[in-house]
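Lettered A, B, C and D in written order, each chain numbered from 1.
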Amino acid sequence: MEDRETLTNLYHTMLLIRRTEEKILELLLQGKLASSMCHVSIGQEAVATGVCSAMQPHDYLTSTHRGHGHIIARGGDLRRIIAELLGRETGYCKGRGGSMHLVDVSLGHLGSNGIVGGHIGIATGAALWSSLQNDGRVTVAFFGEGAMTEGIFHEAANMAALWRLPIVFVCENNQYAMSLPWTHATAEHSFARKGEAYGMPGIEVDGQDVLAVRQVALQAIERARCGEGPTLIGAQTYRFLGHSRGDPSPYRDKEEETRQRARDPIRIYQEYLFREGVLTQTDVETIEAKVAEVIADAVRFAEESPSATLDSVLEDVFA
Amino acid sequence: MVRKIRYREALREALREEMQRDPRVFVIGEDVGRYGGAYAVTQGLLQEFGPKRIIDAPMSEAIIVGAALGAAVVGGRPVAEIMYIDFATLAMDQIVNQAAKLHCMFGGQLKAPLVIRTQQGTGRGAGPQHSQSLEAWFAHVPGLKVVMPATPYDAKGLLKSAIRDDNPVMFIEHKGLYALEGEVPEEEYTIPLGVADIKRPGNNVTLIAYSNMVHTALAAAQELSQIGISAEVIDLRTLAPLDMDTVITSVTKTRRAVVVHEASVFGGFGAEIAASLQERLFDILAAPVRRLGGLHVPLPAHSQLEKQVVPSVAQIVQVVKEMVSTEVAIRAASA
Amino acid sequence: MEDRETLTNLYHTMLLIRRTEEKILELLLQGKLASSMCHVSIGQEAVATGVCSAMQPHDYLTSTHRGHGHIIARGGDLRRIIAELLGRETGYCKGRGGSMHLVDVSLGHLGSNGIVGGHIGIATGAALWSSLQNDGRVTVAFFGEGAMTEGIFHEAANMAALWRLPIVFVCENNQYAMSLPWTHATAEHSFARKGEAYGMPGIEVDGQDVLAVRQVALQAIERARCGEGPTLIGAQTYRFLGHSRGDPSPYRDKEEETRQRARDPIRIYQEYLFREGVLTQTDVETIEAKVAEVIADAVRFAEESPSATLDSVLEDVFA
Amino acid sequence: MVRKIRYREALREALREEMQRDPRVFVIGEDVGRYGGAYAVTQGLLQEFGPKRIIDAPMSEAIIVGAALGAAVVGGRPVAEIMYIDFATLAMDQIVNQAAKLHCMFGGQLKAPLVIRTQQGTGRGAGPQHSQSLEAWFAHVPGLKVVMPATPYDAKGLLKSAIRDDNPVMFIEHKGLYALEGEVPEEEYTIPLGVADIKRPGNNVTLIAYSNMVHTALAAAQELSQIGISAEVIDLRTLAPLDMDTVITSVTKTRRAVVVHEASVFGGFGAEIAASLQERLFDILAAPVRRLGGLHVPLPAHSQLEKQVVPSVAQIVQVVKEMVSTEVAIRAASA
């Protein structure tokens, strides 16, 4: 079993993601977000948390339009995240990137992306450079299952496996790409088969089980670091809410939603921690309080920060 | 009185009527069926026409266009939807190397009666990868038609013509216009591709625009009228084929022209209009043709900032005032 | 065993492709081709021939930059082919398309393409339309193994398998994409695995054995026609000459070339026909003579035809 | 005497020198190694630098650019090769949505010091999918630099600067120029991006060109000199950043300008120059700015026909003569 600190951290991270996104939704409804684009990952916290917990500090990752969880799990600065969403100069992208373009190069977070699959290229290139330099770093590319049918996924997977690049492809299969069910996106749903086409292992894992995710991520990252090449991880999870604001997901079966929502990764993990005696109710309440405080501080920071300016944008067109 | 409907409804009506009229017409794209389209244009059509004519495709922009093209070649009349024009970057080979060239390249043996519906522009703070205006790329490609409707009336009439056209048509909507209401008759009508529309007559200056900027130009014309400047507003409606005749006639009369679009000015389509005008009306122009367009910058995902990037009513008014007074100054100097 | 006529036709077709391409090379060296682009398929004739022999008249196909064989095997008009290469108004594309853009819509040949993989979209769309119309047609998409690593192949294969489109993907694996060996293009060389990733069968066949090719094509086409969906055929063959003129293929092992050239599909088939008593030496000579005559006639026709004109090109920009 | 080498050799030297100078520089593309490049630019470099710095990639244009971009973001200085610009259509998302926007979109946190070498244009009868001229697309994209060298000297100096630049650079060569010889000193030099070059001084008219059309313009200038017309030839060298100052200075002197490029005139980059010139020199221009470019047609795969599609020396001479005589006529009329 993992040590108590690791186990507690995983819980803390998942909760921080959940509560932050709940706060983001609140800010959104209050009309405080600078952009209309905002996708929350509520229900999927175990994937970001489990995978990022398996990474080393000098590793890289790239992220998606649904990327709050990834940057938080990577240790991103909540102040700069909220400031970014509120369009403040103190945000990660000086307030001009918004929810879809979070980035923290100091953490090896090479950016979230608005083009589904678009960032997989960047991830592959980072891994290529690591391979050329032999620098011991591993890159994690997060993406939704929707990205798996984009041509760039194919080109990247093929190149990565061919050159045994130190990269882990993490597909967060939340079963839907907007309204398209995974069952209607491809005729072959086995990640093993999808990986094999490129000569890399494809491993499925219960994406609602943070420890299981962590385990497969540890193995895949280790494998990549040893020069054995990429792994495709298919983490089976579920998008609890709509694709974005104003999507009541009428295309989803309500019974399915109920059944899937019952598998809340945070509840599942909390029960496990209670059962194993790692945490008590009091511990959990302490964590809740700490999380609430950090979020409140971040919101305060963001709201007090100056708004982004066009001048600053214009300065950054070229490096 | 003519009924008023929204831009998105006008588009939906065009699709519905064409699908009813011609069984070869079908729609393919991401989230066009169950979801009803990211901007709700195709809402209800799946229920009406079924999944063989409103086809929810996997996330694969290149093959969405490619499959539509192939179907068009063998007898279909597909309307492919690319959710944001920014994602057309994933299908450029299919659009530019395949669809646009197919008829000519193959010596006229094949035809590609294909419409690619997409939308572009600012208005939602959607950021650099969801707000671009890329019409200049497509207008520069021989073999493509490029349509950019500004009103519900034009949207409907032009989409119907685009569907009936035997060539690939980039049909570029604007995300800021979907909720716009306008008069659309109940009776069937079409609007030919390649015919500009004078949205407001005037005498002192010609404002040349298309898509959402038509409304900005109209608002500017309204404001200018209050200070005694009469502006004619031309809506190009289609960039390819381009109706330069209407523009030339107008500018011959007004002797001053401003082109306005949301796309970046640098290398934008306005340059084509300005270059062409000065070539053809050199001795008639009373002032240089002015271009107004977006700043040459990746669009910020920030609703307030993006507004500052694209042309405003105030900017148009300002530029027109300058043109008029410059001319007055020149006239004064040479008197 | 197939009937004598079929067997003879196959031989005739392969020889016609070979001799035509030899003539094309001659015309090229004489500086008579209108375009510098010209790729011959010498050594690969059994694939085009075997597959096209399995198609019905109303079926469709799309072809590649190395497409002379496909249109000849489909029954294309040699006069119009040569006229096209010589840039004559009587050519398939009125002399403006050249070697890479042959097409004959009356034969369901929907065009060869200069973009590797580009035409796979058109093929998929033709099959989609057949599926929507239930018109009983099958589309064959020919492509080289180089196209397999392009994103469009992935998107097309996925869509076709998902919707069980009546299409057969025929990969002519001639082992090289220009200088890139197939072994350096991907880490997984099994066509079965590549097909399975999309939920479609992948079948390998000796591409130098025209009857074997014909057999797998017949099965795959039948399968497609019955609504059971696409098949990926990997026909193992070899490009006997360089990628194009002026490519002496220094990147290829000479021993490999010798070994592979020894497996000449026409010789292999001729020996079979002799062995089985289908053809005699005299028959073969008669066929040679007939082929020579048809080619001579085509060249004569082309050379006597008027050159393409720019006016005619300008007329065809729009339909 | 300065030695003469070919355009392709000058490019190769630039690559070699930069690779020797900076271990972070590497080349990735199709057939760049064993084959030495489709146009032989990278010949010999695999032998010299090995397969970790001259990387033969699978046929996957999107990931070639994507991987180069990713490597650039974390410290590499990649030079990605796209064999024909026509194939850049397969990588437009990576170029336009990713590379070009990365620095600004991410608030300056990331940089993309990436060169995309490619070639375009006619000259080999290579047909509609292998001969396009697409520079106008890229110049219209904020965040991209666009370089188009006309001579071996410029090719070398500009490629070295492009590699040292911290931004994504589209480095567009011309397939008709690879065999061109020109003087290239043995000593190291670079040419800054964004500085046009006056290839021939003159007084009566300014010919503005880039890439292969510089040579056509020079030949025209030579011919014009024989009938007493002195043409200044400006080679823009880079379209973005664009050195309008040099153009403005020249046209202020000559009062007449012709822009020449091989790309289709309609919506081509020449429109930007013409529009901008008339905006800024309205009162100085003696005649309208003229544009010469390709016909708006898919390029025929027929060496004789494609020659008729692109501007010729004779056309330039003709247009300049018209401009001069028109002006003379106008002057006569107003006298």
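Basically, a residue touches a chain if its C-beta (ideal position, glycine included) is under 8 Å from a C-beta of that chain, and two chains touch if they have at least 3 such contacts.
None of the values given here were measured: they were computed from a predicted structure.
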| item | value |
| --- | --- |
| Label of the chain whose CA centroid is most distant from the centroid of chain D | A |
| Separation of chain A from chain D, taking each centre as the mean of its C-alpha atoms, in whole Å | 41 |
| Intercentroid distance (Cα basis), chain D paired with chain B, Å | 30 |
| Rounded Å distance between chain C and chain D, as computed from the means of their C-alpha atoms | 37 |
| Residues of chain A whose C-beta touches two or more other chains | 95-97, 101, 113-115, 118, 149-152, 155, 158, 162, 184-186, 313, 317 |
| Where chain B touches two or more other chains, by residue | 58, 60, 62, 86-87, 89-90, 93, 97, 104-105, 127-129, 142-143, 296-298 |
| Graph class of chain-chain contacts, one of line, ring, star, complete, other | complete |
| Interfacial residue positions of chain A with respect to chain D in the complex | 60, 91-97, 101, 103-105, 110-111, 113-115, 118-130, 132-133, 151-152, 155-156, 158-159, 162, 313, 316-319 |
| Residue ranges of chain D in contact with chain A within the complex | 26, 52-53, 57-58, 60, 62-63, 65-76, 78, 93-94, 97-98, 102-113, 142-143, 145, 166-167 |
| Complex contacts: residues of chain D adjacent to chain C | 30-31, 33-35, 38, 56, 58-62, 86-87, 90, 124-130, 295-298, 300-305, 308-309 |
| Residues of chain D that touch chain B when the two form their complex | 86-87, 89-90, 92-93, 95-97, 100-101, 104-105, 127-129, 136-137, 139-140, 142-143, 240, 242, 263-264, 266-272, 274-276, 278-280, 282-283, 285, 287-291, 296-298, 330 |
| Parts of chain A lying in touch with chain B, wherever the complex brings them together | 34-37, 87, 95-101, 113-118, 146-147, 149-152, 177-180, 184-186, 250-251, 307-310, 313-314, 317 |
